[in-house]
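Listed after this line are the structures, all set down as structure tokens.
Shared between the two complexes below is chain A, which pairs with chain B and chain C, respectively.
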Partner chain A sequence: MSFEIIAQAIVSGLMTGLIYALIAAGLSLIFGLMNIVNFAHGEHLMVSMFASFWLWALLGLDPVFSIPITILLMALCGVLTHYFLIRFILKAKMLIQICATFGLSIFIRALAQFLWTPDFRNVDQPLLEGRIEIANVFIGQPQFFASLVCLAAFVMLYLFVTRTETGLALQATAQDREAAEILGIPSNKMFAIGWGIGLGCVGVAGGMMTNYFFIFTDVGVNFALFAFVAVALGGFGSIIGCLYAGIIIGLVESLGGLLIDPSFKLLYVFAIYLLVVIYKPQGLFGRY
Partner chain B sequence: METVLDHARQEPVWNTNKKVIVALVALTLGLIVFPLFGPSPFYLHLMILIFMYAVMSQSWNVIAGLSGQISLGHGAFFGIGAYTSSVLYVQYGITPWLGILLGMVFAALVAIAIGIPMLRLSGHYFAIATLLIGISFQVVFQRWEMVGAASGLWIPLTEESSWLALQFHDSKAPYYYIFLAFFAVTYLLVWRLSNSKIGFRLRAVRDDYQAASSLGIDVSRYKIIAYVISAIIMAPMGSLFAQYILIVDPDRMFNLEISILVLLMTVLGGIGNIWGPLVGVAILIPISEYTRIYLGGTGGAVDLIFYGLILMLICVFRPAGLISFLPKHLLEREKHR
Partner chain C sequence: MSILSVENLGKSFGGIRANHDISFDISPGEILGIIGPNGAGKSTLFDLITGYTRADTGKVIFDGNDITRMRPDRISNLGIGRTFQKLKPFADLTLLENVMIGSFARENNIKDARDKALEIIDFVDLIEKRHHFARELSTGQRKRLELARAMATEPKLLLMDEVTGGVDQKTIPGLVALIQKMKASGVTIATIEHNINIIMEVSDHILALDQGQRIAFGRPRDIQNNEKVIDAYLGTVDVA
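Coming up: the complex of A and B.
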């Protein structure tokens, strides 16, 4: 096994890792805010990819240009999710909360399968195509730009949460809902914003992935599983933890696939999850 | 300890009064004589599915309703049971009855292996882990050559119906009675369990784990006990179902839909209530079988749309499930002090 192949695996692991990081950040934001794990996260990703695909197929908009629309659509989707489902189960037992978002995931996936059939689709001749070669390592252009955009979105999300007034209000609500309300921060509005931003992140990742990934109804399942693991590894509710966790998972996935057997990628990620839970259950940057 | 345990003891839903017991005995007798009236094979098949899913949902109810931990990959234990008995029979000629027992042992071992690291922590870790497990098992069995990989194993037909090989070719009635027996025994045992010391402690752990642990209850140990019991209940259904359809393959036995259905039926009927799963199953299985007949196979997505919708509606409007619509006095234990 030559050095080039390993370098290749590391580069592609890094690139997918950044995408996982952004998807996980959306999940982590929602979890940190209201202690609810969105088990429909993968389905939301699938919806964002389909949104981007249909904007291309019906209106001829390249996925790169439709990114703002995809983000807005997903943010709207997040607000609607909060308004129609989540706000009713805020005070319910964790058991019921998990069942509700799990029900949402079944519903969205089945509805998508009903509307769009389980066919695999892809975008023909997107703007971003081809690959670049640097020192014998090939980098796919769409993958490269997808990871760059995700990293940029991640940085913006981080700055938003830590530097802006709304972001600080979000953090205040996450820390102590009642105290924040006394200070005049309406928690319901914050939750809606959290869902909007959380799924907006998914919209960025989904929109960029549409350039090179197959679009089908089960596409979100594995991404969501990796995002769950990333959130646990980074520490539930920690956003910066997601960045490191996403990269670690991306690397383990691609190196494990290269060195052992690519058909068991899910198991390597599962192994990380087990290790985290056994040795560092609070995660790398966890609050718990 | 007193308050937590008293609260658990007074909780009405897991107890049953005398009227209900009389009704249950009558129901059981009715179920025993049912095949003697010569119902068509379809009705026997329907009842078999109801018994099977009633047991499977009860298994999920033990871990979720009794100990408060959500398992999203419970189908894994179904598949373990199915594969254990089938592989032993196909490759070594071991009777499925022994296979059922060994399947329960394997399921219990897997539950312990998963439960020890996962159940120490908050429920989200466990829910995510079980989701991963459900898919991992399918991935592994799809590629495991020894057990037939993706195409699975055919269970060779015996010349004649045989109790030893657990195959009946002339009539579904023996299958009916076997499933009925497992159903009755499971419900009886879970009912006993819920009224035992372990049951009270489990509910104390579910309702307030801090209070429970401050009173000396080993919280994670009891969660693991519930998980193991739940796995042991699930596994034989996989073995029996494999004998019923005489084929095992990863897509059928480790189907994600199994995990979804047991969750849905229990939540629909009433989670944490011993009769909840039965109510959910008695409503959903006939609907799903009849829609299969009249609407035909449509790719399976239409029913899932409704399952997802029902699950969300129940969670929002009636978290205690449909059984909570029943008059309260039916569910309460008689006051005997």
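Coming up: the complex of A and C.
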């Protein structure tokens, strides 16, 4: 096996890994903040891809340019999700919380199938197409751009959470809601912001993926599963953990596919999940 | 004119009357000591005042505002701070960040919030620990962290739940001195204490609770000689 092929697998793995990382970061942020797992995360990703797709199909906006709109739409979607569903189940039993977000996922997917049919769609002749070649390694332009945008979004998310007033207030609420409240931080507002940012992350990833992925109503399922693995591996509630975990998963997927057998790609990723759960249940950077 | 008026406050959990028909006032600038055996309803009283628990009956008036059914963050904005018996530091943030989160209540930019937090951390004598994570601090230091964090919100009234509980003996004088330093800075204080010597030393008035009810309210000297209090609380200390 040549060096080029391995280098190719590493580059591809890194690029998809960054996307997984950002999707996982949204999931982890929401979980860390209010101990609620968003089982509709994959469906939210699907919605963001459709949003980006329709902005292109109806308004002729290339996904690259519509990214800010997609992010805002998804952030709004997050705030509404909190306002109309999550705030009613904050104090409910865990099973009820699971049923609520799982139910939301079924509802969103069914609604999407009803509105847009289960057809596969794609963006014709996007601005970013084709690939570039560096030292015999091929890099897809849309994928490369997507991973750069995801990395930038990640850096911004990290700076926001650690360096701003709202970010610190989010961390405070995540670590001790009662103590945060008596310092004047309204937890419901923080939860709404958390949902907005969490789905905003998904908006970035989904908007970028529209460039090179088929858009269909079940597209989010595998990505959401990978995001769950990334959150478990990185450690529940840890944003930096998601970055490392997403990249590890991307690399395992592509290198495993290359070195062993590509038809078992999913198996390698879920094997990580099992190993983490058995040997390091708190994850790489986890608090729990 | 009192800064806090509690009128006929009551709360039951299931069949248990955690607080029943409690009334008292706090005057600006004083220290109110709250005593009572375990389970007397002292922490519940703080939960009711700060909005964590909704009262079944009665009213809480703070600084002219009826705060009985207000959210904790609103009550905090009006000027009530609190420390917890079971400490609640933000464990994965540094001491400085913990206190900054408090100072953001009044300061809007990072630099001002940071400067003010540093000033208060200095006030509680923890300046060399400012970059340590809260989880790395000792219990006594974490008590100071909670005081600093509450002070950072510039409260008019500070509720302290067993500040000297659970720390070693040699830490106590420093914490008592800190309470008096805070009083001198103009903050009105209500403090729950098990240590009778401390409560007698620092309080202007004392509220004694037993089984959810007020059994006495008055000057420390009067409380010391009150038969109900001796029975319910001081008496058990003597026996022990």
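Just a few scattered comments:
Keep this in mind: the second predicted complex is superposed on the first by the 288 of 288 C-alpha atoms of A that agree within 3 Å, B and C clash if a C-alpha of one lies under 4 Å from a C-alpha of the other, contacts with A are read in each partner's own complex, and residues count from 1 in each chain.
Just so it is clear, a residue touches a chain if its C-beta (ideal position, glycine included) is under 8 Å from a C-beta of that chain, and two chains touch if they have at least 3 such contacts.
Note that the structure is predicted; figures quoted are calculated from it, not measured.
Aligning the two structures on chain A places chain B and chain C side by side, free of any clash.
Looking at the shared chain after the overlay, A:99 reaches chain B, while chain C stays out of its contact range. By the touch criterion stated above, A:258 is placed in contact with neither chain B nor chain C. Which of chain B and chain C touches more residues of chain A: that partner is B. When the two complexes are overlaid on their common chain A, residue A:176 makes contact with chain C while staying clear of chain B.
Once chain A of one complex is fitted onto chain A of the other, the partner contacts of A:278 are limited to chain B, with no touch recorded for chain C. With chain A used for the fit, chain A forms the apex of an angle whose arms reach the C-alpha centres of chain B and chain C; rounded to a multiple of 10, it measures 90°. Of the two partner chains, neither chain B nor chain C is touched by A:61.
For the three-chain overlay built from the shared chain A, the minimum Cα spacing from chain B to chain C equals 15 Å. Listing the residues of chain A that touch chain C in their complex gives 163-165, 168-169, 171-172, 175-176, 178-187, 287.
Within the complex, the chain A residues that touch chain B are 31, 37, 39, 85, 88-89, 92-100, 102-111, 113-114, 117-118, 221, 225, 228-229, 232, 236, 263-264, 266-267, 269-270, 273-274, 277-278, 281, 288. On chain C, the positions that touch chain A within their shared complex are 50-52, 71-77, 80-82, 84, 88-93, 97, 100-102, 104-105, 108, 110, 113, 149-150, 152-153.
Across the complex, chain A is touched by residues 64, 68, 70, 72, 117-118, 120-125, 127-129, 131-133, 135-136, 139-140, 143, 260, 263-264, 267, 271, 299, 301-305, 307-312, 314-316, 319 of chain B.
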